[in-house]
Each structure stands twice: as structure tokens, then as C-alpha cells.
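In what follows, structures are represented as C-alpha cells.
In what comes next, chain A is part of two complexes: it sits with chain B in the first one and with chain C in the second one.
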Partner chain A sequence: MVNYVIRRLLLVPLILFGVTVLIFGMLQFLTPVERSALYVRDIPKNERALEGVIKQYGLDQPIPVQYWKWLVGTRDPHTGEIRGGILRGDFGYSRTASEPVADLIKRRFPATLELALWAVLPVVSGGVILGVIAAVNHNKPIDHIARIFAIVGWSFPDFVFGLLVLMFFYADLKWLPPGRVSDWANQVIMSPEFHNYTKLITLDALLNLRLDIFWDAVRHLILPVVTLSYLWWALQMRVTRSSMLETLRQDYITTARSKGLAEKVVIMRHALPNALMPVVTLGGSTVVGLLGGVVIVETVFDYHGMGLAFAAAAVQLDVITVLAFTLLNSLIMVVAYVIVDVLYAYIDPRVRLD
Partner chain B sequence: MSAYEAQSSSEHLLEVKNLTTRFYTEDGVVYAVNGISYTMDEGDTLGVVGESGCGKSVHALSMMRLIPIPPGKIEAGEVLLRGRDLLKLSEEEMRHVRGAQLAMIFQDPMTSLNPVLTVGFQIMEALKLHQGMSDHEARARATELLEMVGIPEASLRLDDYPHQFSGGMRQRAMIAMGLSCNPMILIADEPTTALDVTIQAQIMDLVKRLRDKLGMAIIWITHDLGVVAGLAQRVNVMYAGSLIETGPVKEIYGNPHHPYTAGLLGSLPRPDDPPGTKLFSIKGEPPDLLGLPKGCPFAPRCTYAVERCFHEAPTLEPTEPGHLVACWEKERVEKIQ
Partner chain C sequence: MLNKKVFVLLAILTIGSTILASCAQPTPEVVTVEVTREVEVQGETKTETVVVTATPTPEKPVEFKSEDPNTLYNITGAGDTDTLDPAWNYESAGDAIILNIYDQLVTYDGPNATQFVPSLAESWEISDDGMTYTFHIRKGVKFHNGADLTPEDVAYSFQRAVLQGGGWSPMWLYTEALFGTGIYDIAELVDETGALDDDPEGLQAADPDKLMAACEAVTNAFVADEDNWTVTMHLSQPWGPWIATIAQSWGSILDKDWAIENGTWDGDCATWQNYYGVTSETTPLRDKTNGTGPYMLDHWTPGEETVLVANPNYWRVEQNVPVFEGGPTGPSIERVVIKLVGEWGTRFAMLQAGDADFTYVPRQNVSQVDPMVGELCEWNADTNDFDCGPTDDPTQPLRLFKGMPTVVRTDAFFNFNINVEGGNPYVGSGELDGNGIPPDFFSDIHVRRAFNYCFDWDAFIADALNGEGVQNVGYLIPGMLGYDPSLPHYTYDPDKCAEEIAQAWDGKVGEVGFRFQIGYNTGNVTRQTVAQILQANFADIDPKYNIEIIGLPWPSFLAAIRGKRLPIFISGWMEDIHDPHNWAQPFLVGTYASRQGMPDDMHEEFQKLVSAGVAASDPAERAEIYKQATQLDYEYAPAIRLAVATGRHYEQRWMHGYYYNPIYGGDSNYMRFSKE
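So, the complex of A and B:
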């Protein structure tokens, strides 16, 4: 098991190397002039000065040399200051956000993380748990209801669904607001008495014992979380249900019952671990899907996270920002799939050995 | 009920009366088990033979109350284990019978052990459940059981997963699991069918040895007549969900009265047949259990069938003591045999 995990972890840098090569390759489709934006905030209108920047940062040098410099950065010959270098965390300057991409990510990432973490809740409870309940009550009313909800979620595009719930719960009923927090709450959060331990507002509010702020943040989260997670819990529920139905037909389930085990034990101990394999597989895709989903959901609900910044950058062809986000998303995806692989091994002893 | 009657009803270890199981599927009603009755006593070994789909396994699963409901339904009958009707127990009471008094092992050892749990855990589970053993006690007993079924280095193998066991070892582990709580009856549903011939012989020897040592009764379900001959004292022959002949193994093999039993035995190859001898086979197919023919289910394939066989289903009638046959023409069959 430990060997297996170490082998998987050793693959991570290799995959990330591949990802950087790909992304760098994409960068090469840009002209040196465009690429110089990695290093300067305002592209000089003067062509001479531009040439100087290109020369200075070696944007006309052989591609492997440039790749190396892209990774570790270049030293400014005048000031001795190192600039760029994604390994140093310097992804360049975001034109659309008017700040370095690294700062943009630092500022926006917690909001998106908070949204995504809350979205895991319905995916697990609505997807996995409901899937098991539906399978155990095969063809009974609860199974039919779960399936109807799943089909609706599965076939509704998230931007349509998001707009509908926004119209209904915000515009008509005025129950749930868009944005991340209300203005009054924002003032409290900005005030020095409020400690931002994690930058996740719901968690910080609890740590500060401010239930009013927690409730305000939750109210803002409900619509985006529901929109973001609906498709994925619907998919999870379908996968869990069919996988569980399949598992319950296996011989070893009859064996377990023939031992006199209670049905609850048969389902939780004997069937569920076996049924979880495809669920875990889909878990990896769910992370990827949620990352894609935040772009739309944050835009629809004016939720200030990474997705919204990403959408703005993409619309204005802010290549530097888009590439940095792509790299970050790849990193998250690679980590997610490593977790999936480790979970496989944890659940199924047969995986651990090969 | 008088004291005598109370005793007489509990005098057999197992008494199956008119057991009837049907499956209500989308295609129609499947008549899987049609009113079978028999008895078993302590230490008996009963062979149940018949073709695939004749209801052998469903009859066993019905006794264990493990058929899926729906679509399955036990329509009628009684399964008296020491006089207690299992079909009338609550699910909770039945759970204490399963694995403890009535244990079952299955055909395919490759699929009947849970791949994600260790073999030891799966054996210890029943011990902890039925005998209230602690982890420590259960582990010691599981080691003993694995040693008893002939798995070397048993205490180490407890922590192995099923995929680390060979097919024969898995079936041994299944047998250890079945015997773990000293059941009164072990139901073995074709436990050697999926194994190599050499391994089959080993498993058979093991079961015989354990039976002599532990004295449990065995219901051995198989389509292999040779297996039954070497193991059982009595044989039940099933056809299309009905019990058509039952008797001591010597009687059934030496003096079959039902044309189907005679046909089955006739289709066995004999070592003294000259080379090139064609194997005998019973003409036709077993009936579709979706719509059983009226009368004797074997009549359409039977060379002895007369007019009556197609209208009226025969009931089990004794021919010799302990030998019962469901056939209208049994005298004629006997003469020709």
C-alpha cells in the first residue's frame, strides 16, 4: 500500500512537467511581442523599447532556453531582480485584474474553494447516499423520485438552471441573494476584530463565533452551490445506484446473507465498498467538472472567485491569466486523480498488488 | 396437540412439506419449485440431483429464505427444522438460523467470497455474530477452522484476501465459513462444479472427513451423479421443479423407477463400453418453467408416456420401503430396466 502510494506520488512531478511543456507549447503560438506581457505591466507603444524588452527577457531565444527561463525566471541585468519564473510562483501580470496573477489567485482562490467544498456536500449526500438508498429500494417510490431528480439535473445545462433559480429565488421571491456576502457582513469581515483564519467566510465566521455572518454567507452560497452541484450529484446518484444494484446481485452478497448478517451490515460492509469503485472514478471527473462549472456559476451569481476572474480574462484575451489558471487547474486535477488512485487502493486490495 | 404428535412432528431433523416457490417476472410466472416434500435425519447426507434449472438451487435458497422477494415468492409449504417452521419465522429470527443452524456453501468459490474483505474477517464475522465471540476468540477459532479444512499456515492466511487464494483454497475457506458455527445442516450447492477434477476429489474427501468428525447433516446439490454415489445415503431426483424420485442411493442407482432417473443413469459413460459407443441422451429439452405442461412434466420427453401422463400429474408413491417415485408407469419402467 505504501509502495503503491509512493509510486503514484512520484508520477505527479512527471505529469506536471508534461503539463508545463504543453502549456509552454501553447504560449509559443503567441508572438514575442505578446509574450513580453509576461514581464512588463504596460506594453511600450514604442517599438524600439519593445524590442529591448524582447531581447532583455530572451523571447527570441531557442525554445528550450525560453522554457527554462519561463520556469525559473530571468535576472534583470540592471537591477539584479529576478522576474517571472512559474516555479517561483510568478505567473506574470494579469492585464484584466490589474495585478500580478499570483496575487489574483491568492485573493480569489478561497472564495472558489469555499464554493467547491460546499458543493461536495450535495454531491456526496444527494449523489452517493441517495444512490445507495435508491438501489436498496429498487423500483419503490423513493427510487423513482431520486431518478426523476437525477434525470432533470442531468439534462439541464447549468447556466440555464442557474438563471432560472436566480430569477425565481432572487428576483421573484427575494429569498436568496447573489454575491458572496451582504454589504453589512462584508464590513464586519473587513474590520480588524474579525480574524480571517482561512479566508473561507463560513469557516471563519464559525471560528469568530459570528453565526449571523455564517448564516449570511450560507444564504449566499445556497443558489451557486445547488447550481454547481446539481449535474454532478445527479450523475453520482445514477452511477452509485446502478453500481450498487449490480453489486447486490453478486454471489458474495448471497454468501453474506447466508451467514445471517443483518441487511444493514450486508449493504454497508459487504456491498458498499465494492459498489464504490465507479463512484470514486467519477469523483475525479467531478472535481474537474466542478472546476469548469465555477466559471459559469460564479458569472451567473456574481460570485467573486477564480471562475469569474477566469471568465473576464478569457473574454478579454488575457492569455497570461488564462494560462496561469490552466496550470493551476491542471495541478488540482493531477492531485485529484492521485487521490482517486489512492482511494482505489484503499478500497480494493486487488489494486494494491499490481 | 397431544404430546405424541408434538414429538412426532419434531422427530426428523428436517421436514420439508409441499415447498412451492414461484417467480413473478415480466415474462410471466416461473414455476421454480412445485410442492416438494421430504425428510432428513441427524447425520444424513442427501444428494439432490437434476439438470440445470430444475429448481435444485431455488429449493435450497427457499429453505434459507434467500430468494429475492420480489420477484420470488414462497407460495406454500413448511420447512420444519427440528419441528420449527422456518417459513413462519420473522426475518430477525431467521437471521439467527442462517449461518448458525443452517449453513450454505455455493457453486463458484471465485465469486462467493467478498473480494474487499480478508478471508479471516469473513469467517470471523459469523462467529462474532452467532457465538458472541470477541475478536481474539474468533481469530483463534478461525485459525482452527482453516487448519481443519487443510489450509497450511492458517494463522497467516487469515489476513489474505480471496484473490490470494486458489480456487480450491477458496472453496475450503467457504466450507470453513459454513461449518464455523457447527450448523445442523450444511447445504452445499454444487460446491465442486467450478473446480478441477483433482481439486473436486480433494474437496469431496474433505467434506466426508468433516462429516464423520462433526456429524452434521449435508444436503449436497449437484448435477453430477458420480459425486452423489460416493457421498450420499439418499438421493432426491428433481425435474422441472418437482421431486420425481427419492430413495436410498443404492436403490436409485441400481433400480431406478422413474424414466427420467433411468435416462440420467443411462447417459453416464461406462468404462466397459467398447470404443465408439454413442452416449445415450434423453431426447428433447427440459420444459420452460414459465408455462408448465399439464400432467407429468417429463411426459413430452418420455418414451413410456401414455395418455394419462399428459393430463394428470403423478404423485410420489412408494415402490419399496423408503423409495418413492412419481410416475404412472413405474411398474413398466421397472420391468424394462
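So, the complex of A and C:
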């Protein structure tokens, strides 16, 4: 298994290289003036300004040269210092976010991670529970209701659902506000007395023994988590239900029942573990999806995570930011699927990774 | 048991969803009663019964009090600050921050965008020839870091700004006045062709003598006199809008020592080229501030929020100098939180919850917010102020200011010489054969007039501006010096349009028709609407007048405009300073005229008037010159001058102090506000 993990991780640089070459290669289709549009927000007031952008960012240079500079950076003719260069850990400057990409990621990724950590359990477990209940009660009213409930969630536009719950629980009741924390809590978090150990506010609040901050952060997380859960349960439920139904038809389940085992034991100990294989795969995709950022939910709830920043960069064709986010997402995806493969081997003894 | 619990849970959630979906705004109670009254009909008095409806007045006055009166929450829409370097920033979101942190030598006289009052300059004199300005610098002013303001700080701020250069910076507004019209960047003093603009490496390799001469031209233009505590500015020609130019955010005064410590130009003419050509991200002052203004930067989290805190040592408070007569001397709100929330639904919820003191309301969403308005203030053009009064439901929590003219306009510009090199899909066949247009199609005055007569301003204002706009007479905006609504202008007239287009190109257009494309950047509804109006109105006259509309991705649109390939390009302008020169220059001789490929003779005629207008010092004389330019603009019809929108500002009724000065972007200038 160790060899397998090492082999997969060794593929990471190759994958990242391929992704970045692909994106830079696509830039070949744009002229320097079109590429300069990626750096500007509006038609320039000064007629010569676009030429300036082309010169300053070297947009008229051949793509391999631009790629090389992006990799290793450029030397400042005045100070002699090397600026940029992803191999030096400098992802460049995000025009859409108005800050270095590294700073953007450092701030946004913990926000996304926190939302993902809070959401992943309800999303996956809720879907699994619904799927098991539906399968065990196959074709009974509870099965139909669970399926209708899940399908309604799946077909409900997340934008509309999010706004509805926001209007009700925030605008009307004033219980659950948007954003990541309230302004008063933000002042505390930014003060020198508060230690940001992990940048995960709920965790840091507990470590700082600030339950008021913890509760404030949780209040802000409830609506995004509920929205994500309701909308994603359908997929988890359908996969779990199908898998459970198939497992429940197996001979060994019949054998277990005929031996007089309690139905709960049959389901929980014999059927469920074997039905979980596809669920684990889906769970891996869910985690990758959550860590990549959930654009609509972040937009509606003003939750400044990776999704919002990535969407803004993509819409405005901010290539530098898109490249950095793509690299990060690729890395997350590779690592997540390695973990999924390892979990496979753990759940199903027949699977051997070597 | 488990099944039952789950069933109950599902039922609750489903019912809850239904209830949520049916949530709606409560409507005010309406009471209907029957009353009798006596009326006189043809000399006889009769009694009749009529049904009247009345909305009951509230039993007791409604009070509007904020839960957090010491913090102002401005929830903005799209558009974050690009940079906090005052010499580089050239967009309204950054202005709104910088103008609160930094002071300038002069400032606006409250709501009046064309009258100026002293700020860091206690007074100033202008020489008889209009080319030398002497500013007497105020004493006892401290920067946020505690350093004292000196004349050297003032001179350095201007010198460093100009020497830093930047095609995307506002420095061209200075260089034209300092070194002559048409000079857009300091690098053009080293190489007049503009080849070194935004080219730091090229500039560093330039002739050292020329570099030194360019720097000395700048240091000689801004001279500090520590003995007399003055700063003198020398212009290359009289420049009417100079005071207006330095009153803006790029006229902000820095602490010289602090700026140098943070990596800006060291003040030595031998090194300035090493600091030239920074970008918004590489300027050392991108995220650092140290002004003398009423607010200090607490933090700027790009894309999320900017927080300002009141300056406890603000010089206006200490010296008791109100910003204008009757205006505030200092900030009354301790903390300002400017949050960037892109989604309208979320901003609306924040407004409803009372967590937004004011917010940006897109034009298409005003009908959602209007029922929440309890007090309406309408712009009165005669008094240049608002007339306020309660709405039908005075219990509602918002106050709406509306009807004030804004300072942004979109126009449709004709391309006199369309670039067809290498083929151009926007001009069809490229010939006047009914299936295209020739590159110089718009060089015929009849074509340009026809396009003006075929434009329906009412439709544009209704569709693109939600019915809230004013057609412009000429290139200036209403209310500006030299703007005269009685001057001739085009109005929608299909008959005249048909008549003019039939005469175009010696009648050939009328015979064969035309076909070309109008491009707009996808998502820009205003530009799309302009194109649709022209398309529909020409098609109504004759189907052989064929305009196609094409939505282009932003890079393609920009490249097409830059390459002068679009037959008509639709573009917007937001003024930098509230002065007619800031419209005359780009529209008649500068940016737009250049992109249009305006013929030399036409350009020369406009240039004479624009140069005379900017050089004149007497307002009446200036107004007359700009009127002449408006007349000429009508005769030549180089573009379709569209309409400015009238603005809206919604705020919670616990807010006080709002006044309208068109030059303040968004809802900035926070010192004017107080909160209950």
C-alpha cells in the first residue's frame, strides 16, 4: 500500500505540469491585445494604456517564454531581486482579488476547509441514512417520501433555496446572518489577543476559550451547511439506496436472515458495510467538490471561500489566479482519491492496492 | 419507531419549504368606508354616498434607531479597490477609501462640485497669466503616524506622483497641464513618441541627460518654500480646471519620509527612473496608507471588506475648521465598514435586517426596495437640493433620494476609418453593395445624421435606464458649465432618418442599402440596448438597412475597439473632474476622437475650441466656448450623444447628513454622516 501511495503522489507533479501547459497552450489562441484584456477591467481612458499593459506583463512575448517566467520569475532590473516564479512559491498577483494569489489562498482556503468540515458529515451521513431507510423500506410510503424529498432537493436550484432560507431565517427572523462572522467577532479575531492557530474560526475560538465567537461562527455556518446538505442528499441517497437494494438481494443476506439474526444486525453489520463501496467513491468526490469551493452557496451567503474567488477569476479570465486554483484543486483531487483508494482497501479486504 | 421519526422530520421540512416559498412582504392595511357628502349639481344641492379608502395613520410616531450607532455599514456591490496608492488609483471604489484617509490642498464646497474651499492649503493665489499657483500650507496638521505636514510633503507628493507615471493611472490629467496637451506620461519628456511609456526597462536605459531634464521639469513645476510655508505650481499654459484636478484623490498629500521609508521614489532626480512604471500591484503603497484625513485605515481585506476608524487627532477638529461653511469639522461615526457583497438578494436581506445602512441597489431591483421607503427626497434642479416628504406609508424604514443627475454616460461613436486590414467581419463585404459597408462609410455626414435621427432616446431611457434619465444636448452633461439645453440637438425622427440615409453616398445607400455588425461586450445590457434600438428603427424604414448585433467576449470586444475594427463602438465615460474640459477633451479631440479616426480638419476645429476652453479663466468665456463646441458637435455629428441616468440613494432612516455631490463615487465621504 505504501508503494501505491508513493507511486500516486509521484504522479502529482506530472499532472500539475500537464494542467498548466494546457492552460498556457490555450492562451496561444489569443492575441496580445486580447490577453491584455485579462488585466483590465474597462476600456482604458488613456489611449496608450493597453500598450503599456502588454509591455509591462510581457504579453507579446512567445508563450513558452511567458510560461518559463511564470515558472521561475523575472529579475527586477533595479533591485536585482527575482519577482514571481511558481517554483519559488510565488503564485503571482491576482488582478481580480487585488492581492497576491498566495495571500488569497491562505485566507480563503481555511474558510472553505471549515465549511467543508462542517458540511461533509451532514451531507454524507444524511444521504446514507436516507438511502438506507429508503432501501430497507423498499416501495413503502417512507421510501417514496424519502425519494421525493431528495429529488425535490436535487431539483431545487441551490440559488433559490439559499435565498429563501436567507430571507426567512435572516431578513425576517434575524437568527442566522450571512458572512463568516459578525463584525464584532471579526474585531476580536483580528485583535492581538486572539490567536489564529488554524484560521478555522470555530476551532480557534474553542482554543482561545471564546464560546461567544464559536457560537457566532456556527450561526453563520448553519444556513450554508443546511443548504448544501439538502441539495446534496439526493445524490448520496440514491447511490446508497441502489447499493443497499442490490446488497440486500445477495444470498448471504438471506442466509443471515434465515439464521435468525435480528434485522438491525443484518442491515448494519452485514449489508451496510458492503453497500458502502460506491458511497465512499461518491464521498471522495463530495469532499473534493466542497474543498474546491461551492460557488452558489458562497455567493448567496456571502461566505468568502475559494469558490467565490475562483468564479470571479474565471469570469474575468484572470489566468494567474485560475492557474493557481487549478493547481490546488488538482492536488486536492489526487490526494483525495488516494485516500479513497486506501479506504477501499480498508473496507473491502478483496481490494489490494499493490 | 425510526421510520416514524424520519417521516415526521420529512413532513416538517417539506411544509417548511412550502411556507418559505410563500413568504411575501406584508402589505399595509387599507380601510374602506362609505361617507356621505353634499355636492352642487347645476345649482341644486344633492347628497350622495361615495366609497373612499384610507390607509390609517400609525397610532404613534415610528422611531428609527440603529442597534450600532457608532458603526456605519456600507454594503457595496461589485467593484473592489484596485490599489490604495493615491497616485495610481483610477477607479471609484478606491477613491471612496482614499478620499476619507487623505486630504488634498483644496476640497469641494459641500455639495457643489465646481466650487472649492481651502483644505490643507489655507489659501491660494493664481498669477495673472493663469500659469502659476501659490498655495499657503496650513500649519499644525499631523499625519496619522504623528508626523507634521510640511510644504516639502506637498511638493513631494505631486512630484512623486508624476514621476511614477503609468498609463492606467490618472497622471495624464497632470501632465497635459504641466507639459502641454497631448502629453500623457512623464516618459514622453524623454521620448516624445511615447515608445517608453510604461516601459521601465527602456526608460532606465535612456539618455541620462534626458532623464535628468525630465525629472527637473517636474521638480521645477512643484516647488516648496519652507520659509514662506508655501508650495508653488508652474503650469505650461493657463489651465482652467487645475484646482478641480488637484482636488481629487490623486491630489492626496503624503508624508514624504514615510513614503520613502516604504519604498517610493527617494527624492533624487538621479534615481527616478528606477521608480517609474510600477503597476497597481507593485506600487509600494498598494495596501499602506498614512494621510491627514478624517479616517484611518484599520484594514483592507481585498474582495471582502475595508474598515476605517475615525482619526482621533484630526486637524479640523483641533483647529475647528469645518469642511465647508455649515459642514462638519470631523467624523461623528467612529467606525466605517465597507463590505463587498456581490449578490443582490443577500444585500437586500441585509437591508431588510437593518445590517446595511446603505447599499447599492441595481436599477432593475428598485421595485423590490421601493415598498420599504417611508421618506422620499426628490432632486430639485432649481435649488440643487432635495425636497423631502413622507411616502404613503411613513412607517417604512428607508429613505430614498432620487432624481439627481449622475456623471456617467454611454455614447455610440462612429468609426470614420474602419480598419479592414486582414479582413473585417463587422463590415460585411466591405463594399457599398447592399451586403456590407466601405471602411469610410461614416465619413458621409448624411449617414451620421441618419443614425442620430434613427435613435430613439425615449426607448433607450425606458429600457436601459429604467425610465430614469435625461437626454444630453451635445457632449456635455446637464448642469455643467457651458451646457445649454436650448442648443440644437437630434431627436428621434424616422422621416428625417429616411431622408438623410437616402441622400447618403450620393443616393447609393438609398438604392442598395447596407449591412454591418454592431458589437457589444456580452452582459453589457446598455450597449446591447443601443444596438437593438438602431437595428429596429432602421429595419422599420427599409429591410435593406440591415444592422446585425453581435455579443463579443470582453477580450474580443476590447481588441476590436483597440484595433478600430468596429463600425460603431459603444462606450461609457465617467468624469474625473466636474469640468467641461474633462468631457470636451476625450470626446472631441482625445481618447474617443482618436479611436474614431476623426478626420484632421474636423479634429483641428474641435482642438481650437478645446484648447481655448481649457485656457480661459473667465467662466462666462469658457461657457461660451463650450457652447460653440456643442454647436459644432451637432453639425458634424461624430457620435450619438445618449443620456445620463438620474441616480438613487437608499439609506436607513436612522442615517443623517447625506448631500449629493456628483463627484463622490458611491456613498463615500463618510465624515458627512451621522447615525441615531
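By definition in this document, the second predicted complex is superposed on the first by the 248 of 354 C-alpha atoms of A that agree within 3 Å, B and C clash if a C-alpha of one lies under 4 Å from a C-alpha of the other, contacts with A are read in each partner's own complex, and residues count from 1 in each chain.
Operating definition for what follows: contacts are C-beta pairs under 8 Å (C-beta built on N, C-alpha and C of every residue); 3 or more make two chains touch, one makes a residue touch a chain.
Values in this document were obtained by computation on a predicted structure and should not be read as measured data.
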Q | Contacts of A:R107 with chain B and chain C, given as first, second, both or neither | A | second
Q: Return first, second, both or neither, reflecting whether A:Q250 touches chain B, chain C, both chains, or no partner chain.
A: first
Q) Between chain B (first) and chain C (second), which does A:A97 come into contact with in this model arrangement: first, second, both, or neither? A) second
Q.
Comparing chain B against chain C, which has contacts with more of the residues in chain A?
A. C
(Q) Let me test your reading of the model: by the given contact rule, A:E81 touches which partner, first (chain B), second (chain C), both or neither? (A) neither
Q: Please work out whether A:E193 is in contact with chain B alone, chain C alone, both, or neither, and reply first, second, both or neither.
A: neither
Q. With the two structures laid over each other on chain A, which partner does A:I347 touch: chain B (first), chain C (second), both, or neither?
A. first
Q) When the two structures are overlaid on chain A, which partner does A:V53 contact: first (chain B), second (chain C), both, or neither? A) second
**Q.** Overlap of the chain B and chain C footprints on chain A, listed as residue numbers
**A.** none
Q: Report the residues of chain B in contact with chain A in the complex, numbered from low to high.
A: 61, 64, 66, 95-100, 103-104, 106, 108, 111-118, 122, 125-126, 129-130, 161, 163, 174, 177
**Q.** Residues of chain A that touch chain C when the two form their complex
**A.** 30-31, 33-38, 40-41, 43-53, 55-56, 77-78, 83, 93, 95-100, 104, 107, 130, 133, 137, 142, 145-146, 149, 152, 156, 161, 163-168, 170-172, 174, 177-179, 183, 190, 230, 299-302, 304, 308-309, 312, 316-317
Q) Hey, which residues of chain A end up touching chain B in the complex? A) 250-252, 254-262, 269-270, 273-274, 347-350
Q: Using the touch rule from the top, collect the residues of chain C that touch chain A in their complex.
A: 2-3, 6-7, 10, 13-14, 17, 20-21, 23, 71, 73, 80-83, 90-91, 166-168, 172, 184-185, 194, 197-201, 204, 274, 277, 279-282, 287, 299, 301-304, 337, 339, 341-343, 345-346, 348-350, 352-353, 355, 554-559, 561-563, 571-573, 576, 586, 590-591, 594-595
